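What follows is a set of notes on a single structure, which appears directly below.
Chains here go by letter, A, B, C and D, matching the order in which they are written, and residues are numbered from 1 within each.
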Amino acid sequence: MLIANGDLVTLPFLTPLNTTQLRSVGIPEPWAFGVADKVRFGELDALGHVNNVAYMSWFEVVRIHYFRNYGLSDYKSADRPRLVLANANVTYKAEMHLGQDYIATARTAQFGNTSFTMEYAVYGDTLHATGSAVIVQLNQDGTKRALSEALKEKMARLDSATPR
Amino acid sequence: MLIANGDLVTLPFLTPLNTTQLRSVGIPEPWAFGVADKVRFGELDALGHVNNVAYMSWFEVVRIHYFRNYGLSDYKSADRPRLVLANANVTYKAEMHLGQDYIATARTAQFGNTSFTMEYAVYGDTLHATGSAVIVQLNQDGTKRALSEALKEKMARLDSATPR
Amino acid sequence: MLIANGDLVTLPFLTPLNTTQLRSVGIPEPWAFGVADKVRFGELDALGHVNNVAYMSWFEVVRIHYFRNYGLSDYKSADRPRLVLANANVTYKAEMHLGQDYIATARTAQFGNTSFTMEYAVYGDTLHATGSAVIVQLNQDGTKRALSEALKEKMARLDSATPR
Amino acid sequence: MLIANGDLVTLPFLTPLNTTQLRSVGIPEPWAFGVADKVRFGELDALGHVNNVAYMSWFEVVRIHYFRNYGLSDYKSADRPRLVLANANVTYKAEMHLGQDYIATARTAQFGNTSFTMEYAVYGDTLHATGSAVIVQLNQDGTKRALSEALKEKMARLDSATPR
């Protein structure tokens, strides 16, 4: 899918991609956020395919980009929230190989008062995997912290997220 | 939970544990298979807790032990099946820290003709995480391979697995 | 160092960089090959810095790119050589943090009949680490395979490599 | 080497082994500290052997055990030192495979005022790898901290370490 009109598509790597860039390589709505990367040798298993655990790492990479870009956490300030996974899920659809280019996408599908559900996907030659995670926002002392109205509005507007 | 009667329990590490050993440290039915291990420094994240991805690795470790012990694959013979994950899931319940002892458990909960659903758990001070995976048995050429009657009988007898 | 003339330098990520690109961000001679990447959350240790092991992974990433680009192995054909590490070394110079951009460089410093010595570096805000590896070229049956004259000429011309 | 007198040796896994235990499986002087473990599926590379980077992880595992056992750091108290690697080295001697038992050993070979040089080895069927690391002891503020006389005496007595 990273080929368009017979040419290898040139995309910025490791910098979040916007909706226009995602659509240009055939990644459909409602995906609005993604990061391009390339399969590493150390991510292969003994059978020569990407190992099952690596997909979880990629979802983590795109999730951290998302948290920074959507303003959830700067991973620096003392008062930043703790964003804790309650659940994570991966569905494997097609094997991947060494050096393959891919885009890992992320969006918020649903939000509640203090938690939200994200969805992920890995697009390369085809849709290789999908995933999801339930994330709870805590204060540094472990108590729950409400999602701001501005954040929920942003999730709704950019990601087509809906209230839970 | 790895303390019994006030004493640190001595268990073989990295060798599969049987039902008697699991019950002796309070791991309940129907778990019948587990492997003890210890949190590594490299499994911690920047917050000092075990990172989310490590649990998936532990489920993989106990799964491979299970495949060998239950006779699904020896990871050697040319005619061995390919055991492919279709889905994996982790639910996070309590954080873990450096050097903590834990037991990762595995069982088959349900089986079909060519696939089966496994469940996993991580027990340390408490129940730290649970998980599941849907696994498909393929031949080396990628076609589906039926689970043997002997295997299904074993899964039912040892793990209380039920037909799907 | 990835800032030039006050502007963030735009470089292709994950595609090997050439000498002109390396010089434009201040990476000195004799480096002629590098790959840009970004620190991942999962590469941090419990102290919040990049863990010691990650640098070895990055040297592996750039080494595999180098092997493909210099024609040592396509990682596909049946007759491809096995390129085996005899020794690896890392010297740590300056800590790195989450999300930091860096370029991992690679070159061959010396070559013999069947083995060669590579050098590596990690450039970000400064020179963060250097490394080296001794690599032996084997046939698939484990016997040694001579480096071709064309390869040695290329290593000498591009990397200023010298005979051992 | 983990077979003695034709029987598989029973050793505690993941708990540091003492000199008597090490000698019982043929690990020679001056090694006085080791940890037994087992190769994980996720540590294999696409060729089915343990990948080069995994050995560095194992040296880290045994190093952290060593730091705790020799009293260098408890990884908890506010005044604990920061133990920072200046250099790390691995020499690869024999390939390893899935599920293989091994013992990773560690010792201090030389000590100075604020730094020391450790050596490592991996013993399984044979001596699979050796390694070394130069480690600097810092205060939490980044200034150098002298090694205590008690620590240097212990390193000399247990590990046959010598002053630099």
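Rule of thumb we're sticking to: contacts are C-beta pairs under 8 Å (C-beta built on N, C-alpha and C of every residue); 3 or more make two chains touch, one makes a residue touch a chain.
A quick note: this is a predicted structure, and the numbers were derived from the prediction, not measured.
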Joint neighbours of subunit D and subunit A, given as chain labels: B, C
Chain pair with more C-beta contacts, B-C versus B-D: B-D
Of all other chains, the one whose Cα centre sits farthest from subunit A: D
Distance between chain centroids, defined by C-alpha means - subunit B, subunit D (Å): 28
For subunit B paired with subunit C, centre-to-centre distance based on mean C-alpha positions, whole Å: 37
Touching two or more other chains - residues of subunit B: 41-42, 47, 51, 53, 57, 60, 98
Contacting residues of subunit D [partner subunit B, same complex]: 10, 12-15, 36-38, 40-42, 57, 60-61, 64, 68, 75, 98-99
Touching residues (chain side subunit A, partner subunit D) in the complex: 41-42, 44-48, 51, 53, 98
Parts of subunit A lying in touch with subunit B, wherever the complex brings them together: 47, 51-53, 56-57, 60, 82, 84-92
